[in-house]
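Chain naming follows the written order as A, B, C and D, and within any one chain the residues start at number 1.
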Amino acid sequence: MQENVLEVRHVNGFYKEQSVQNGIRRLFGREGQRVQVLHDISFFIGKGEVVGLVGESGCGKTTLSKAILGFLKDREGEICHQTKHPQMVFQDPYSALNPVKKIGWIMEEPLKNYTKLDRQARREKVLEMLQNVGLEADMADRYPRQLSGGQRQRVNIGTALMLEPGLLIADEPVSALDVTIQAQIMELFQELQQKLQLSVLFISHDLRVVYQMCDRVLIMKEGRIVEEGTVEEVYRHPKHEYTKLLLASAGIS
Amino acid sequence: MKYAVRKVLTMGVTILVVSFLVFLAFHIIPGDPALAKLGTQATPEQLEQLREEMGLNDPLPVRFVRWLVAFVQGDMGTSYSYQMSVTQMIGEKIPITLTMGMMAFGMMVGLSVVLGIYTAKHNGGVIDRVICVLNQLLMAVPPFFSGILISWGLGLMLHLFVPGSYVSYTKDRGGFFYYLLFPAAAIALPKCAMAAKLLRSSLIEELKKDYIRTAFSRGNTVNGVLYAHALKNALMPVITFWGMALADMLAGSIIVEQVFGIPGMGRILLTSISHRDYPVVQAIIVLIAVWVIVINTLVDLIYKLVDPRIS
Amino acid sequence: MLLEVKNLQIAFHDHSLPETVVHDFNLTMEAGEIVGIVGESGSGKSMSAMAIAGLLSRHDMTKEGKCLFQGVDTLRCSRQELRKLQGNEMGIIFQEPMTSLNPLKKIGWQVEESLRLHTDLGKTERKERALQALAEAELPNPERVYSLYPHNLSGGMRQRVMIAAAMIARPKLLIADEPTTSLDVTIQAQIVKLLQKFSREKGMAVLFISHDLSLVRQLCGRVLVMQKGYVVEQGDMETVFEHPVHPYTQKLLAAIPKIPGQGGV
Amino acid sequence: MKKKYNYNLMTGGILTVTMLLLILISVFYVPYDPDKMDSTAKLAKASFHHIMGCDQFGRDIFSRVMKGCGNTFFVAAGTVWMGTVFGILIGSFTGYYGGILDEVLMRINDTIFAFPSILLALVFVSLLGGGKYQIILALGIAFIPSFARIVRSEFIRCRELDYVKSARLSGAGSLRIMFVHILPNTRNVLFSAILIGFNNAVLAESGMSFLGIGVQPPEASLGRMMSEAQTYLLTRPSMALFPGLMILWMVLGFALLGEGISERQAG
């Protein structure tokens, strides 16, 4: 058994409504009304493994990723990861890049905050990473608006990899892209994953993409993981009704 | 319904808080009301006695509640300078200023709707451009300048009215309204220009939206789309502006009353400020505060009526 | 023949060099037929569909060619003539169900709109038809939905409302511009089934625009592949998907992740 | 590419630049001492010596207009500076953190915001007394809420965007996220708010001076000049016209500039 990069045990997640009533309740030290969005979630990701997380909008995929990154304040259960700075690739290539900053500046940011490298060394690392994600070096001096969707997503992947993270969460990284661009980004992703032995939680609603990218898959519905297994297992012999429905809707099976 | 109750309750609380703040502000300032009443020749004993009579030695919250109760009952205190009831002093002036404000409001709403819709519909046309330039100019004119221009042009040159004169309501009803028409126009013009511009851009923005395309795809005429679909949506931000303008018009009237020599609230406020006649200033400020807060609540309620999304 | 588009060409003139976004677009549709147009963003597929629907009218744009719908040229005819078709003979649904409905009007009012504009049915009759249309679009509890506002409904339900509104006047042609793109997979499949049902039961033709090849495959009988304003390939669903001729079609099909043993798309 | 002419930007730019030039010159040079009364030139008509004529005391109107523009500009700039600085501070913290503090501050903010700024300033002036600096303080406080509100809503919009989450994952602290990542993104909105606020300040200041509670004599002020000129409206309308036109010039310049800039940002 390999060592696990991420272990999630019996996690319950809650979302607090931001209302005046709740604010007043908090003022008197009471708990506000909360809605449970994650129910008893348990899974693990091994080193160098890509795990897919499939579900429809509102099923709690994004909340789960927030919980893993430590952004969800109100949760119960254990989340252990071996890595210092887990990173994330976001769905929307447009809003994930600060529009008033240059690409180089954005990619440098993790190094500035977490390392003691000087300006020169940071610059070199950025240029190296640009090459790794298949972009020209002069991209460093451009603004996000001058880049296409595919190029932006390459920059996002590059930024996430700057710190050589042990764990990467990819939240629908290709669903906002055209099919042909999607194929290119997936190829790049797989190439980097193998080269750097990345452990990835790959969130997607597209079963075909998940099939190609992932080793194992988790099917999520209404805050619960309803099915789990290797991709082959789940796709060929789905057990849960919901998985069957998903596969049928996508024209697989 | 729950929404309305909540809004009205919030309004009540806000009015209380604001009037307390105003009350507080006018009690921190230096100056002794008893001294102001009796003059500097008064002996310390006399002063002390009057203070006791006026309740000035009681703690602040007690005095606030007493003042508030009296205020609600219509007793706003006594003016230092004129030794007469503030209620009486202001009471005569409120209808004048209010009439002028409402006339200005009516002018603004009417004109801005007509101009806004016309310019949005003929976006880019010659008349649209002319109106836009005019709007831009009007917005930059301070109300006292437009007042002076109206006095000079319509009053002195065209002899439509005599600048600086005022007709009392009791003497001549028609004349009263006629003479308030000009100051009302001076207040309304800049606001009207802003409202028309806002409605125009709001409509143009609205006409680009997806549901407009849907409306066309069902076979609506251009006018059908404009009036049945876009207008209501486009009016939302304009309603907010109208509300703010209505609140602002009282402030505008202070200046314009000065230009046209109208004996309204603005004039009393100014003289009271320069004479440091605090009871009068305080009463007027609280009244205007209530006016502003009530208008804001009304705007919120109208919003709720128009927009089902608000809860 | 229901629809005949001949040499449609659309160009923009907002820059000094005119930019042609649709070149030489040809299409014929028979009653009851379902035709798909696929392509990536910027391929001109939506532009062509909107031109056919008579919803493209910008002063900095020129449209050439012919687009005969029941003998009326929707590119040239007056707004008056166009209005008689839109919402009546021709229904249109759009990509974004969230923004395509007027947020301040009740669902019932919006579903009935076509009837109000094109027929002189009374209020009760209109309501009856609207409830029927909502039920046909498989919305649960039509009575309740009728008096709700768009923001009360989920994306999938709003798209059903859009379909009900488009179907209420029994159009002969339904133009669906990426109707499922912003919806979840399971809802997508339901919407596609719904369109299929309508086409079969009412003999309505559907022009289905999408970037999702697997959906087009499930729904359509014939397909046009567009790239950068050109129709690069068209024909039977089977032929195009099994034996693509044009390199771009091949590339598109290759870009879809394959699941061995499950067949292609 | 065919270039669309941005008339608003051009006109606004010209008006503003000439106005600023005029103010700059007035600091070093004015044709006459603006306070010097010349009994021989009382109510003099516009002539070669006095290009805008003289007022009832024989003071050169052109010189007074120049100084008055400077004073108005100074007050407006001070007001806007105060509003912006405190508005950014309050707006950014309440917008970024939210919660009960935000709730309370925004209630207060909304209430102040609902008041006509000139009225608030009147209250302050009645408490503090009139004068240039009192006006800046009074109007400045009255202007804070509008800026705070704008900054806050921008921060609320931005804090949910992915690039902020990405910055947090990159190890940026809250202050760095607020002022290095988010704040520069509010510049467009903030800039047009500053221009609009500037104009409101100009109008408010001249209005208060018109009422006699703004900039105090003998310092020249456009508003006061107009209120004095009212008496001579029949015989010398130009006395009111020139200061009025100057206010118009200033406000129009900034308004068109703002309009033009937002046009450019949009297109």
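Definition applied: a contact is a pair of C-beta atoms (placed from the backbone, for glycine too) under 8 Å apart; a residue touches a chain by one contact, two chains touch by 3 or more.
Fair warning: this is a prediction, and the values are worked out from it, not measured in the lab.
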| query | Farthest chain from chain D, comparing Cα centres? | reply | C
| field | Pair of chains with maximal C-beta contact number | value | B-D
| query | Just how far, in Å, is the C-alpha centre of chain D from the one of chain C? | reply | 52
| query | What whole-number Å value describes the gap between the mean CA coordinates of chain A and chain C? | reply | 34
| message | Give the list of chain C residues in touch with chain A in this complex. | response | 40-41, 184-189, 211, 213-215, 217-218, 251-252, 254-259, 261-262, 265
| remark: Within their complex, chain A touches chain D through residues 18, 20, 23, 26-27, 69, 71, 85-88, 90-92, 95-101, 106, 109-110, 113-114, 156, 159-160, 162
| Contact set on chain D toward chain A in their complex | 98-100, 103, 161-163, 165-173, 176, 181, 184-185, 187
| In the complex formed with chain C, which residues of chain B make contact? | 209-211, 213-222, 224, 229, 232-233, 306-309
| For the complex, which residues does chain D have touching chain B? | 107, 110-111, 114-116, 118-119, 122-123, 125-127, 199, 203, 206-207, 210-213, 223, 226-227, 229-230, 233-234, 237, 240, 244, 247-248, 251-252, 255-256, 259
